[in-house]
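Multiple structures follow.
Each of the next two complexes has chain A plus one more chain, namely chain B in the first and chain C in the second.
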Partner chain A sequence: MIDILTAIFIISSTAAGLAAILVVAERFFADYGECLITINNDEKRTVKGGGSLLESLTSEKIFIPSACGGRGTCGYCKCKVLKGGGILLPTEEPYLSAEEKKNNMRLSCQIKIREDIDIEIPEELLAVKEYKVICKKIVDLTYDMKQFIFSLQEPAKISYTPGQYVQLFAPKYDGNTEEVYRAYSISSDPADNTIVELIIRLVPNGICTTYCFKHLKEGDQALLNGPYGDFRLTDTNAKIIFIAGGSGIAPIKCMLHHMQNITCLREAVFYFGVNSEKDLCMVDTMRAFEKTLPKFKFVPVMSRPEHPEKWKGETGLVTEAVLRNEKNADQSEAYLCGSPGMIDASIVVLKKLGMKESNIFYDKFS
Partner chain B sequence: MKESPQQKKLEDILRYCPLVSGGFMGEDLRPVKEIIDTDTHTVEQLGYTNEQIAERMEYIRNEGLKGLGSVVKLNNGLEVRIDDNRGLLPSPWPDDPHRSSKTITFVLDTDTGNELRWSDLSIHLIRAHGFYQGHGSPFRLNPSELISVIFK
Partner chain C sequence: MTGLTGEMTHALVVCFSAIFTGNMVLSYFLGLCPFIGVSREIKTAFGLGTAVVFVLTFTSGINWAAYHYILVPLELDFFRFILFIIIIAAFVQFVEMIIERFSPLLYVNLGIFLPLITVNCAILGVSLFMVIRDYSLIVTVAYGFGSGLGWMLAIVSMAGIRQRLNESRIPYGLQGPGITLIIAGLMALAFIGFSGVLQGR
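Our next item is the complex of A and B:
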């Protein structure tokens, strides 16, 4: 018995040792020379072989969403590989649906470039840039929400569509050994293309929000990349129903700035759901929009006011307020931002009011 | 007994885990296996299984979700609020492909004033690995305290 165990131990140790040598040898000695990445059958980039596709694209200033720093744990860095990516790896399997596998979707952080490779990425990712920024101002909005205003250093200007988001880089800090990127919707006025404003809610023990709330200070340098996402206003004249909760107010605020900038006359109502008085924020900003956008109405909805005798607004769940106030939504559009649960519940209510599912827009990321 | 490479990898990941701020072990110096064995023993002595606990936590989470972020009162004196954050969090266990949403459940026992919180990942770690986390981890759940609140 002991002989068998010893033999197994020797064989597995030798195999593990050989595998380790191979990994080290590949890193230091394998030379794949220069490889060509062809993007969308058009753009061509020559890179040094041996690195991951994600790293190589980043070094070419082409940014694919990635929340885990290329460790194969977030599943955000998908792209279509038409030629040259090697076989699908076990590390990619859990993140790809059967449909995605059939369509040659891969995790770009897991693919090693060993030969020329053809890939397809959404066209708008080619416009994504990395921005060196300075944290200009931090404003407390509620006990767990802050507004961060970043002024752009390099490049000095950004162009984005209201509703889109950027990724904020969180460096290592005391208690966190990992560098990560996290997505945050842009809340700024797009008329000022020299700043990016974000509204961030603290997540207990969250890596990036702990960095933002405890370590990031006014005057500090930071890194952003973007813009990403296809959450945006249509150019119809349909009435708009905005529904948001918590930090979901961010992209809606950006859209309202935009509507103001283009003197949009669309009828719009914004149902903003909060728990109690201590969660309510940006009321003055919203009231100011009511003055400049003649057909816009702000409806804060409080589910459990601490001082019900003083609270004159809507109460209950945000979805209940929508049901009470909207009679027929079959000609309207809805823009939703908030928790996945709030989005799901809102969709049910809007469909009950006759809204077509194709007229309901939200961040599909969650 | 000497740690196997797999155990060493797990130990390192949970202690210095890059997935969450501060890792999963707190100041607990015991090996992961010892933490799991001790907690599982407590759970069994109290007449429950990790599966039953995870199921009950999931039930409370689902009741709380109906509040869309506001407080929901359950019949047994518990108040539940959910922070339903966007995004997914992978399991730290090597070779475990599970991903949990970043939802956090806050529970207040209005009779005793006891407060608990857990994330969806905590539910998965209890169900799949019997792991309630190390002492000092901000998401450590003491099994007997957890049982006294969720099964009251």
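Our next item is the complex of A and C:
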């Protein structure tokens, strides 16, 4: 009996001794001390080494777009690393073009901070903040689209350019074990900088949209960060052709509010593509814009109306309607928003109408 | 003095025979799992091979000491399986920390394979053989080193062959592990040719 006990004791204490050595070694090897992150040759932040660059920047309240939560699968979190990023890792390679590699672009979620590091990020990203918000109102737009109005808590105000997007945080919930951020274009009136309005379309089994549709209730807290993106109106006087499908209406609504606020007299036409009557929404809002913006026209296009005899508007694909109505587009600008398929098809049509590629702006909801 | 020289000669012979005649994979079929899993590219095979050489050389020495200074005096040698495994696991963890700190590229390349070394039976095999064969410390370390080199030689040659095979057409049912095992068999046959060269024990 004693024999067995001593044997167990000896083996256990050897194991414990080894574990202790490992703990000490971990202290020693995994401690990278304090490292200095220099941003754009100007801002300096001291962080604890050992974490990923993305994590460290987030903890310093500097937000770099990231859709996959740092797992190296979205390729959004690119930034330029001038010094201290170490060698390019095999996990980064698939997301970087030859050009980007030459320019020292890296995926910030894959880089581990081991020493002082110099990075360059677009100036706007430094203005990105995290907002604690309360979901004030949820409005049903169609069977699969809802409008969410969030009132800002902390910070209380947001400043953005119409066309930009925010990232909404989706927490873990029943049936979802992942925390993710997803991009949604701001659709609110920029005159009111205390709220953020989003128009979201349900993606079946989508992590974030399921959270918004099934779990988020009026009065709940939520978290977003932003603004991001360079989809925005130019300050020329060229005619505007807006093309959107589904929830792509969001940034365009925001731009129209803005045009109204500055009494912009640019000629504009908005082709809004939907499948059938049950997808059509915001018609009243758009008709109201037609009243206040004298040179604005709203053209809903239905590809498969359920009651063709009752539908008086345009039918067919949105690109077909554009071809029918626009004659010469070489002096116009286009703003496209929606699924990648719709955007690519629209670009082809617009170029056929003589539009220069440099005058086509878009946000792909991919 | 002659004792020491004799010891060194013995160590050298054991080391060479561990590489060629008594090759861990090709003669004893130990450590087959990573041998098949990580032999797709010479670069990674070489990385893992180096790690195995390193781990084997050190763990065989440490395990020798643990066996002779802890287990034998306490008459607990039946516990050697457990103790050897614990020591190997701890040592691999330790090496993992060092690699992560000093060579991120190697760390990323070996990825999940580094912990796999822990359960690489070639490593435990060496420690158990050294007990059965009653080697001295110097011979044990030489044996560990040689076994590691032998394992690395085998996996790197295998990776070379498999890289070549990428361009050839292999019958559907044999692709992947199938053809790899057949090649391993042919390599083992080739290695038998060494047995006449060295008669190490």
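One rule holds in what follows: the second predicted complex is superposed on the first by the 334 of 366 C-alpha atoms of A that agree within 3 Å, B and C clash if a C-alpha of one lies under 4 Å from a C-alpha of the other, contacts with A are read in each partner's own complex, and residues count from 1 in each chain.
Just so we're on the same page, a contact is a pair of C-beta atoms (placed from the backbone, for glycine too) under 8 Å apart; a residue touches a chain by one contact, two chains touch by 3 or more.
All of these numbers come straight from a predicted model, not from anything done at the bench.
Once the two complexes are laid over each other on the shared chain, residue contacts for A:Arg304 go to chain B alone; chain C is not touched. Of the two partner chains, chain B is the only one touched by A:Ser339; chain C is not.
Once the two complexes are overlaid on the shared chain, A:Asp140 sits clear of chain B and of chain C alike. By the touch criterion defined above, A:Lys112 lies against chain C but remains apart from chain B after alignment on the C-alpha atoms of chain A. Within the superposed three-chain arrangement, the count of touched residues of chain A is higher for B, of the candidates chain B and chain C.
Shared-chain residue A:Ile87: touches chain C; no touch with chain B. Here chain C touches chain A in the complex through residues 66, 70, 74, 76, 79, 82-83, 86-87, 90, 93-94, 97-98, 100-101, 104-105, 108-109, going by the rule given at the top.
Within the complex formed with chain A, the residues of chain B that make contact are 5, 16, 18-22, 65, 67-71, 81-88, 90, 97, 99, 101-102, 104, 117, 138-139.
Those residues of chain A whose C-beta lies close enough to touch chain B in the complex are 16, 67-68, 71, 73-75, 93-94, 175-178, 180, 182-183, 201, 203-207, 210, 245-246, 273-275, 303-304, 317-319, 338-342, 345, 363, 365-366. Contacts from chain A toward chain C in the complex involve residues 6-7, 10-11, 14-15, 18-19, 21-22, 25-26, 29-30, 86-87, 89-91, 112, 114.
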